[in-house]
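A quick write-up on the structure given underneath.
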Amino acid sequence: MKQDLKSRKGKKLTPDEVSLFFNALDQTQKGYLSKVELRDALRLKGILPDDPRFLTLFKTLEETHYPDGIRPKDIEGHLSGSDHFIRASNHKSLIIPDFTEFCDDLLDIYEKTKLIKHGQVADYIPQLKRVDPRLYGLSVCTIDGQRFQTGDSKVPFCIQSSCKPVNYCLALDEHGEDYLHRFVGHEPSGQSFNELTLNHRGLPHNPMINSGAIMCCSLIRQDLDVADRFDFVLNIWRKLTGGLPVGFNNSVYLSERQTADRNFALGYFMREKGAFPKDTKLIKVLEFYFQCCSIEMSTDAMSVVAGALAGGGVCPLTGESILSPDTVKNCLSLMESCGMYDFSGEFAYSIGLPAKSGVSGVIMIVIPNVMGICLWSPRLDALGNSVRGVEFSRQLVSRFNFHKYDSLVPGQCTKKDPRISKHSGL
Amino acid sequence: MKQDLKSRKGKKLTPDEVSLFFNALDQTQKGYLSKVELRDALRLKGILPDDPRFLTLFKTLEETHYPDGIRPKDIEGHLSGSDHFIRASNHKSLIIPDFTEFCDDLLDIYEKTKLIKHGQVADYIPQLKRVDPRLYGLSVCTIDGQRFQTGDSKVPFCIQSSCKPVNYCLALDEHGEDYLHRFVGHEPSGQSFNELTLNHRGLPHNPMINSGAIMCCSLIRQDLDVADRFDFVLNIWRKLTGGLPVGFNNSVYLSERQTADRNFALGYFMREKGAFPKDTKLIKVLEFYFQCCSIEMSTDAMSVVAGALAGGGVCPLTGESILSPDTVKNCLSLMESCGMYDFSGEFAYSIGLPAKSGVSGVIMIVIPNVMGICLWSPRLDALGNSVRGVEFSRQLVSRFNFHKYDSLVPGQCTKKDPRISKHSGL
Amino acid sequence: MKQDLKSRKGKKLTPDEVSLFFNALDQTQKGYLSKVELRDALRLKGILPDDPRFLTLFKTLEETHYPDGIRPKDIEGHLSGSDHFIRASNHKSLIIPDFTEFCDDLLDIYEKTKLIKHGQVADYIPQLKRVDPRLYGLSVCTIDGQRFQTGDSKVPFCIQSSCKPVNYCLALDEHGEDYLHRFVGHEPSGQSFNELTLNHRGLPHNPMINSGAIMCCSLIRQDLDVADRFDFVLNIWRKLTGGLPVGFNNSVYLSERQTADRNFALGYFMREKGAFPKDTKLIKVLEFYFQCCSIEMSTDAMSVVAGALAGGGVCPLTGESILSPDTVKNCLSLMESCGMYDFSGEFAYSIGLPAKSGVSGVIMIVIPNVMGICLWSPRLDALGNSVRGVEFSRQLVSRFNFHKYDSLVPGQCTKKDPRISKHSGL
Amino acid sequence: MKQDLKSRKGKKLTPDEVSLFFNALDQTQKGYLSKVELRDALRLKGILPDDPRFLTLFKTLEETHYPDGIRPKDIEGHLSGSDHFIRASNHKSLIIPDFTEFCDDLLDIYEKTKLIKHGQVADYIPQLKRVDPRLYGLSVCTIDGQRFQTGDSKVPFCIQSSCKPVNYCLALDEHGEDYLHRFVGHEPSGQSFNELTLNHRGLPHNPMINSGAIMCCSLIRQDLDVADRFDFVLNIWRKLTGGLPVGFNNSVYLSERQTADRNFALGYFMREKGAFPKDTKLIKVLEFYFQCCSIEMSTDAMSVVAGALAGGGVCPLTGESILSPDTVKNCLSLMESCGMYDFSGEFAYSIGLPAKSGVSGVIMIVIPNVMGICLWSPRLDALGNSVRGVEFSRQLVSRFNFHKYDSLVPGQCTKKDPRISKHSGL
């Protein structure tokens, strides 16, 4: 489907195309579907009720009475926005052709990892400490907008460090690689994520650790006042989620600001080293950074963000290009090598995928050109990553050939490839 | 072509298949070719005169007189071994369909980077210091055995640190991941490649730095005596090169052993920390390591090795599976994050490909599932990597979409994809 | 003289004692002295016009007319307070018996080191940058209150880091060794003085580096409000100087506070590590520290402070015991090992005396049981110590046996011992 | 007594002088003494039976029969060599006038510290592991050769790291400060004693840690062959002990050489850094170093060495000047700041005396200008210092004013000063 991106505003679906799609949903082939049957059939295809592309359809369904069941002609006029997805589905060119089977696997891994009960909820601020440790949400969104959700996938949590990739992208989009990387490196530090050290040029090692994230914040829309600056970032998040809910937890923000000794130390240390761009207002930058960390969303929403990163900056639900592909490419490189705190090297070696974790228990995983996954479970291991999330990642790549260097010799790889039909020509 | 690997010993080529192939070589369509024309046509397809698959053909050509030119039936009986390649070529399913055009690009980059004259030849031993700094060889070998060579591609050089990936693979194949990584880590060190530090578990950080490479040597065939041990490794190299020449430079070995204070320090340090496996004979291990570094070959030969790594451990010229795919996967992960000395982080970020360099000026680059590239030019930058080699890498990924995260949004990527026809179905 | 300390309030001088002292002043033995002659003779003995012990005498001299010159009986009634010094002088038991000869040597070293013109004035705040780099003051005060001054010995400068020993003493006197050293170590750090590192217990390495000095500030009179706290410290300095002028440079304070990124970083870092005592108000502590650094005095005044440290906490001019001997002992240990920034180890080895320097160009040197020396010259070397001051120290110990391990074999030491007559019994 | 050193070969003792000395020994004043009484009386004065100065006397006593007891005239002719000591004793100018009382205090501390039973005997070589952990020897030797011994003071042990001060002195005497310190620093490292780090100039931090000690070994008599080189050092030790027994433990040497991975690592590391002087034979130097560590002696012998260091390089028993005073001064500076492994900073602060420990459980303490003390007890604390030895040191300075900055205000110090009568003139 990817090749068609440019022509998204395609011509209207023909009745034949609608019928073909409908028949794929109507698995018993009785010719019509009840409302519930239609919704369930769409869900199995990866279309969830809040999918903006099918908004008209879902609204119509809700408002209309179909005494004899729903037939192709009933929906024909209400599919504007979803034409792309439907054609791709008809052509069997969605990135995950058999989405239902794939989701069964994910659900199996989810259930298995849900049994894990160890790990500690972050407790440095009361707002994090109070979160129910049993919560566990999983959401997936492919580059074609096929979505899956299970568990506490609608409970909002603070994104914390998982704001770092987006902030990096924004600073990079605004300033370009050459200028931005005068202020922050792009290599693993070999150090703890909040270590008080800078690299040999006196700069933060990379944008995925606190010092580098603070630096990126100092470079986002310095021209705007504080309110507009935060609005700008929040707006980007909303676009990346395709309109799914994005909030702000003010209590977390206030607590973070109050207990941020290490971040203040980092900030003053960098200022003393002359690391910041000219005219940086340190306190304002730190507050801005704490605000970004206090943004709230569910795994549902963040999986769409991860899907957007997987698709080179294009929101899978709206088709809008929000971040430039080069920016996303650089971001994924750094997520892969530096995104999982002190576990990054191990993760890059054994999981082999770009990811970013946060102390709230979130892990966002990107499978480039395929999908984004968001996991959230508050219990953390000693390195600050969600225990269930890390184990989920392990089982994911042991079942599917998602590790970057999997399937070097396809015939010999025993892992599943859910993309396989796409490669049939090879 | 890859799917056919298992059935390599396929049935004999039909006369039609031979004709189809011949016609593709006979671009003027006159129906026959002179010896020189045939050789040149094969070279443009990526078949070099020392290709073991075409050995019978080349030998026959040499011994026979063709007064009226060579026609399909003349070669029909002399193609055993090359049937695979020929069928894949006929089906246009070679990984680089238009190899000639691709090679033109490589030649262009070669010529441009040849103009670079700065950098210093390694001088810590006289044997390296004496090498002519103007030499510059480039060789390429795809996973289908399509090869290209230019410059000093037949001049042998010492492989030095580029022996590390193969030694790691051998130790890994022998012992498995769990056991091997009890003795060596798999993360970037954040340190210089020969730094006297071990990781927090008291182990070398990874197998691509000296300490880790020494450790791997201690784990290769401890059951054999010294001579057989080296023979074993040399034999693997010979298989990986598909029979291209592999030598040993005894003067380099003697010099290395004599000037190896740092490596002795590393060895004693690790032994003092109890890092080695039981019964390790330190001095013998160090000598074995110096011997591995003193193996000699040309870029022609090493490009085949790189091609074997690109293809999951299968020699592109012989089809023999020499290293297991999982082993190669792990090796590529570490080459990507740790293979270019202190430049590794920068290389992973901006080039995004597994590679390994050596102080002799060699760089081996792996494009997974596509090809191996070997560059050799003795002048080094301050970090110990070949100046021309690094610049070649840069220009390569700026021209082709070979960076691991290139082409996230295919329509928007302006780089060439030489593999493109393979993906036409997507 | 030291043994008499307890009985300082001794009985009145007899006329014979006064005569004996007078005769020692009246070197031509003519029986009387002019005002100028008397003042000069006293100065040669080490009594300066602002010596509080001779205040009555100097005031009387000023107010009275002596047509026939001054004779013993004229001064007899105006020596209350100076009886001690006079008896010690009569008994030749002052610590430096031949003070004039000793001062000639000091003057010679002063003149020689005054020729040094290299080094850079500290420029991180404008108030320091503006100081005339040519200034050079030298003052000496023995434990018996014999004083010498030359050059710009009355020009006030900011004491900067030379406030650290006194702050340490105050915190130590208040809390005792055991409690205080729960919060700060007492060993050289092997690091730069303002390095962002703590020792293996998560504490500042010692009270002579910034982090340790900030810690000491947090432990001084936490019970007082900010104004009283500073008053308390200022009052101690005034007692230590025996009443010589002590000021405060508010511009320096304001500048310091504004440019103190490193100190803020240190403060937040320590708070994050939980290093501070309970209820510490970080910002107030830092402001208090900057205030202590902004205290102003001349070398004249600070040499008396150094003399007090040399005498175990007793002000040489007033005889008042201000700091406990154990406290001073501990302070001298740390000044010896940690007082000269990164030059401390070298200084301990080659000079062998407790000292403390500050970025204003001050160096305070303590010769235990003998005297205090204060040098001030703003040009600094690369390590932040006064260039002239360090060179003065070198020449001092190469001329006199003041190094802690000098004169192990007295007969063989060719250095001068200005204390020598005191040891005549040995 | 010290002033008389030059004139040690003084004129013969007069009968009066002999009588005066005899009467001091004859405490009951009966006019004569039995052999046993005389020996005991001398022991109380600090003269032990192996004192070379009294050799003639002790030999005469042994060979002669005194039916009526021994009287002054009986010993008059047999005191050559001891004239100095006797005159100093008569003049009450020995450094510890009341030696008996002083020894009572030492014995009391010895008995108290003997109760300590924790700590671990070094076990990295079998020869050390086998030593009886209950052993505990204490010996003292003043600069005047007054000696005291108790416990296992005659049991030989390996001197291990306590060879470092003497090796440093020898290298320093041979090459001078400027040249020697081109190869080794003179500052605390802030690191563990056998850490694989060099200072910012690429040199060992100081001669009291392994790397620096190896460096010093490389600089001792490079002109000699291996046997003569070791003989040279052994001979110096014999002179320093005044002829008390000095041996060599070959088993320890062989074990040390075999288990010296860390020292080999250090050696190769330094050679790789070009730290050694030209033409250094690394293996020979290391063997020489291990040999020096394997020298054996008792606390009796080593206390005389410590006494020689206290007296500026002059052996207290023979009066021979063996090391130059400047050399000894520098050595004491480094012993004070770096002599007790990782405990050095703490020791300098709280004990305030130059000392050197070794893993055999030995501690040599120098009280400059006063005496040397040697303790030996094999149980070590976590930092490698003798548990009893460290505690003995603590109690020593809490009872006597031996800390370098004790008695700043003599009247206020409640500690004993065993030297006090020497200072009576002050």
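Which chain is which? They are A, B, C and D, in the order written, and residues in each are numbered from 1.
In this text, a residue touches a chain if its C-beta (ideal position, glycine included) is under 8 Å from a C-beta of that chain, and two chains touch if they have at least 3 such contacts.
Bear in mind that the values here come from a model prediction, so they are computed numbers and not experimental data.
In terms of the stated touch criterion, chain C and chain D have no partners in common.
Summarising the inter-chain layout, the chain whose CA centre lies farthest from the centre of chain D is A.
Our note on geometry: chain A versus chain B, Cα centroid distance of 36 Å, whole angstroms. Averaged C-alpha coordinates put the centre of chain B at 64 Å from the centre of chain D. Work out the mean CA point of chain B and of chain C, and you get 71 Å between them. Annotation for chain B: no residues touch two or more other chains. Taken as a contact graph, with one node per protein chain and an edge wherever two chains touch, the assembly forms a single closed ring in which every chain touches exactly two others.
Against chain B, the residues of chain D that register as touching in their complex are 196-197, 261-262, 264-269, 271-272. Listed in rising order, the residues of chain C touching chain D in the complex are 2-3, 5-6, 93, 185-191, 310-314, 321, 325, 328-330, 332-334, 337, 344-346, 348-349, 352, 368-369, 403-413, 422-426.
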